[in-house]
Amino acid sequence: MEKSFLLGLYETMFRIRTFEEEVKRQFEDGNIPGFIHLASGQEAVSAGACAAINKDDYIGSTHRGHANLIAKGGRTDRMMAELFARETGYCKGRGGCLHITDMSVGSLGANGIVAAGIIVTNGAALSSKLLKNKKVTLSFFGDGATNQGKFHEAMNLASLWSLPIVFICENNLYGEATPQAKHMKTKDIAVRAKAYDMPGIVVDGQDVLKVYEVMTDAVKMARDGKGPSLIEAKTYRFHGHHIGDPETYRTREEVEEWMEKRDPIKLFKAKLLKDFKVSGSEIDPIETKILKEIENAVRFASESPAPDPATLTQNVYA
Amino acid sequence: MTEMKLITGKDAIRDALIEEMRRDKTVFLLGEDLEQATFGVTDGLLEEFGAERVRNTPISENAIVGAAIGAALTGMRPVAEIMFADFLMDAMDPIVNTMAKARFMTGGQAKIPMVIRTPSGAGLSAGAQHSQSPEALFMHIPGIKIAVPSTPYDMKGLLKTAIRIDDPVLFFEHKMLYYEGGEVPVGDYTIPFGKADVKRKGKDVTIVAVLAMVKKAMMAADILANEGIEVEIVDPMTLNPLDMETIINSVKKTKRLLTVEEGARTGGIGAEIAARVAEDALDYLDAPVKRLGGSDTPIPFSPVLEEAMYPTEDTIANAVKQMLG
Amino acid sequence: MEKSFLLGLYETMFRIRTFEEEVKRQFEDGNIPGFIHLASGQEAVSAGACAAINKDDYIGSTHRGHANLIAKGGRTDRMMAELFARETGYCKGRGGCLHITDMSVGSLGANGIVAAGIIVTNGAALSSKLLKNKKVTLSFFGDGATNQGKFHEAMNLASLWSLPIVFICENNLYGEATPQAKHMKTKDIAVRAKAYDMPGIVVDGQDVLKVYEVMTDAVKMARDGKGPSLIEAKTYRFHGHHIGDPETYRTREEVEEWMEKRDPIKLFKAKLLKDFKVSGSEIDPIETKILKEIENAVRFASESPAPDPATLTQNVYA
Amino acid sequence: MTEMKLITGKDAIRDALIEEMRRDKTVFLLGEDLEQATFGVTDGLLEEFGAERVRNTPISENAIVGAAIGAALTGMRPVAEIMFADFLMDAMDPIVNTMAKARFMTGGQAKIPMVIRTPSGAGLSAGAQHSQSPEALFMHIPGIKIAVPSTPYDMKGLLKTAIRIDDPVLFFEHKMLYYEGGEVPVGDYTIPFGKADVKRKGKDVTIVAVLAMVKKAMMAADILANEGIEVEIVDPMTLNPLDMETIINSVKKTKRLLTVEEGARTGGIGAEIAARVAEDALDYLDAPVKRLGGSDTPIPFSPVLEEAMYPTEDTIANAVKQMLG
């Protein structure tokens, strides 16, 4: 693999992490309202998956969507401005964390209703099929979402119509305060693909190269008209369900063990240095650049104006 | 003068679909059993347009509406069918929380040019889960346009508009109107949303009626005419946008408002219209407003009970006389 | 097996068939309004399944529910009166074919919304669990219903809570006008049980003894607190989706072949005579009795009064 | 005189649940994340009542409501929680087509004593899918009783009634009221459904308000009192049954009606109430009725926009002055 490509993966993950941690600080400083769902710890899934598709392909996202959008090419300044509820935000401050999106980079939207985005992504895949434009759609959702009826209906329809779509379950082991074992009996969510005669694959969601690899095959299948797949990426969220979550459902030890031993960024950096002979001097400038970028994003956001109340009724209709 | 032909409501819908699909390649249909359609609306379309554009789906209302939304977001103009309006309840989340809100939530990035067609209304002894008229519910959901045609002419013209505009539209087709005949121009025409149609002119009482109730109101009007009472019948055509101007101008003339609908009376279409009149034209009213609607009960299977729960030409005529007497 | 038990199974199936065929005649004569869904051809599923449970166990039914209710002990006169929309009907003429039920024999109701009955049957199983009354619930639904989100949510919840319930998919190969291959890619619906870590079993729905056998095991599992199962009974409906269905989606030959070679009643009668040494003189009186019963049911129905319009608003609230 | 204590709305709900579960073994809870509840209402209940009666569910709103219906049909009194009222749309089918209709469709055989509790309302910048006030939609669905308490006292008393009656109840808890304090009697008491509560007596204008809008109306009343204007504030307490008698008697006294709600104004609670007054008390009105409600838009994330879309004490006070001026 090209070194530039590998460094690109690292940059994406580092950008996501830096953004998320800054969002947490800004929220705690009272600069961000509403409910914020962070994806720190899950970077490798978004980075690996989006590296496997093209700029003009589509993704569908969830309430925990910052990482998905950044990996697809979203700008961190417009994102930060959205979280700050400013007019310069991607959604003009109307969407916030739950609905953050940039349709110009192919994000169909972040849906705050669990699993509601999955049925919508089928539609994008359907138009690609009808328009014969060879685009592929990635549909992101969590483990808890796979207990929703919409997940089932979407999977069945996608398999029946062999839509050019890949379903990616970011299994971070919890749905809000509920561990997987308390919301389903199934151990591997990937087996649910059997119900639709669809390939179901489990992958280590902390290993960006493994994610990239399985996704590359699944995307090729989809693009070649051979139908959808369900990829279950086992991952973990380092922070609470939303900022302020008391986290009574898991131990501090569990979290710290993941942060130490299974941090996707640490793991990949070590691999870059060891297996790919990348030198620290090649990585440092990337990190510096990103830190600056996020600093500027915060400045951009805080200097941007809030929406004008007089514009409240805009964009309800065409 | 444009050439006209007599067709049924079912064929008016069918013709609108065929003409729009021929005109615009991005228009396609999806829904359950479109090949052998419950009310025959889409029969034969598969033959002309093929299985890619006439898509039979599994019994998955959420997936149907969701797929339509996603396709609309990405360059298509889907026309989804929900087999009975009662089943809209199954897809209420994508309709209310995604379809209606996506444009606003994204600050205007999302455009959702889609139509959901669905047969509503009673009259077939189909019981509580296959006879409902839920139109009024959606007036309370900002972001959804709503069409409620009462004649083949209106059905065809409004459906073409629904398919061409860039907002999501809920298009209600009353089952009983599928088999009613009416004059329709040969060839292409559209009817704008938000413009009420005065179906009959009169000076004594304004009747606002929708869907199958328009015909009942027209029958009542004939009964009343024999007694020298001239009612004006206003058909809103669309509930969102709602043309209150035409309604209020009529009320200013007649000084009396009667609303007639098939859905449950409480919280119905008439509630909003009566409230608007009480806000904006109160001083013109010479009599209390009146609302007729379905009884506030589920819909019984028994034909005698089903009959008893809806306004008829007689109950409408009597209501008008009460308002005048 | 006791001969009386075997003859009982035969009687149930013969009662269902006779009832359904009479309903068809009465509908065609204009004595029954609305949409009528007949279960002729599917008798062995209801008969075999309900023979495996107790009088005070529960069943949940669908739009095609006459067979389920008769097998659970519903009276054909009250049923016929309901279809005639008479005050003496089980639902006082308010329900009709789509909602026909007798809660006193444990039928939770026939739900006209596809798959909507499945989520409700879970609740009955849940109360049995909470009340520790050892009751079991049978949940009937069709092949098309398994593409509904509610099916998925109900299966997951039942398995997670190991509810005392058995899910019975009457796979009659079509959902309205859509053959199974056009509504799902999966060949056997039973495999969908895997998504919930639940046993899934395929059984010949035209063989009443086979149905009884698998059901007996599944019911025992449920009653013993070992959790639910999904039983897929492959069957066939001899008539259209509803009376008046043009049936453009299947050939006359296909229907006739099933009627000749796979009629569950013919098959079981032959088995009784051959394998179980039952004599025709033991079967004839049963058939005569049933024919008389259905004749009386029609008389009862046609002599019963229609509901009084003045009672329209009754039973909306307690 | 009964002893009183000051508690929050959240604890009023919590106490009602605890007392009813102690009183009646057939009462149990099911819903998402009840162990670590989003608004803390059910925290700690698992410890007292155990996992059998405090049931955490997967994210499956249809299965939650369906299970509650089935349990209610077979001897239990389930109290289901839908985490946000917005998610009622996910379970709209079992609510509208089964829960509301089962008793009627079965000719009275089915009895469904269940409650669906759900937090509604805005104020937390939770955006378009986590801030809605859909109460009015359900007024149009016969067969569902609807509670809309505005104080801890009402919350506790109405919830106990909701749990004890034999009809299905939708119980709305406004998020902002969870943290408001109020006086509540120590020990058991219930409040009947269908009886409006006059929260403030006055002679000049009748204000009908629900949920969080009652407090805003009370604040407006204080502002107006300084200017010598005495408004009467009527809180319907339940929307079905709806106590129109109390509302109309108030209007007959004040000759003026203003309705205030948080949900979208069009097709809202005020529409039905205004229409009823225009039907049954028109001649008593000295001024056009007025309705204040949420703007007819989805709910924006931005706090400044969210603020701008709802009635405030000032907009309420100004509306009252307009009606008098």
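Order of writing sets the chain letters: A, B, C and D. Residues in each chain are counted from 1.
By definition in this document, a contact is a pair of C-beta atoms (placed from the backbone, for glycine too) under 8 Å apart; a residue touches a chain by one contact, two chains touch by 3 or more.
Quantities reported herein were computed from a predicted structural model and do not represent experimental measurements.
Undergrad: Return the chain pair with more inter-chain C-beta contacts, choosing between A-B and B-C.
TA: Result: the pair with more contacts is A-B.
Undergrad: Going by the average position of its CA atoms, which chain sits the greatest distance from chain B?
TA: Of all chains, A has its centre farthest from that of chain B.
Undergrad: Take the average of all CA coordinates in chain B, do the same for chain D, and state the distance between these two points in whole angstrom.
TA: Distance between chain centres, rounded to whole Å: 30 Å.
Undergrad: If you average the Cα atoms of chain A and of chain B to get two centres, how far apart are those centres in Å?
TA: 41
Undergrad: Which whole number of Å gives the spacing of the CA centres of chain A and chain C?
TA: Inter-chain centre distance comes to 46 Å.
Undergrad: Once you find the CA centre of chain B and the CA centre of chain C, what distance in Å lies between them?
TA: Distance between chain centres, rounded to whole Å: 37 Å.
Undergrad: Considering chain A alone, which of its residues make contact with at least two other chains?
TA: 91, 93-95, 99, 111-113, 147-150, 153, 156, 160, 182-184, 316
Undergrad: Residues of chain D that touch two or more other chains: which are they?
TA: Correct list: 57-58, 60, 62, 86-87, 90, 93, 97, 104-105, 127-129, 142-143, 295-298, 300.
Undergrad: Can you tell me, using the touch rule above, whether these chains form a line, ring, star, complete graph or other shape?
TA: Topology of touching chains reads as complete, every chain touching all others.
Undergrad: List the residues on chain B that touch chain A in their complex, please.
TA: 28, 52-53, 55, 57-58, 60, 62-63, 65-76, 78, 93-94, 97-98, 102-111, 142-143, 145, 165-167
Undergrad: Going by the contact rule set out above, which residues of chain C touch chain B in the complex?
TA: Within the complex, chain C contacts chain B at residues 33-35, 85, 91, 93-96, 98-99, 111-115, 144-145, 147-149, 175-178, 182-184, 246, 248-249, 306-307, 309, 311-313, 316.
Undergrad: Of all residues in chain A, which touch chain B in the complex?
TA: Chain A reaches chain B through residues 58, 60, 89-95, 99, 101-104, 108-109, 111-113, 116, 118-131, 149-150, 153-154, 156-157, 160-161, 314-318.
Undergrad: Which part of chain D faces chain B closely enough to touch in the complex?
TA: So the residues of chain D touching chain B come out as 86-87, 89-90, 92-93, 95-97, 100-101, 104-105, 127-129, 134, 136-137, 139-143, 240, 263-264, 266-268, 270-272, 274-275, 277-280, 282-283, 285, 287-291, 295-298, 300.
Undergrad: Can you name the residues of chain D that touch chain A in the complex?
TA: Per the touch definition, chain D meets chain A at residues 32-33, 35-36, 38, 56-60, 62, 86-87, 90, 124-130, 295-298, 300-305, 307-309.
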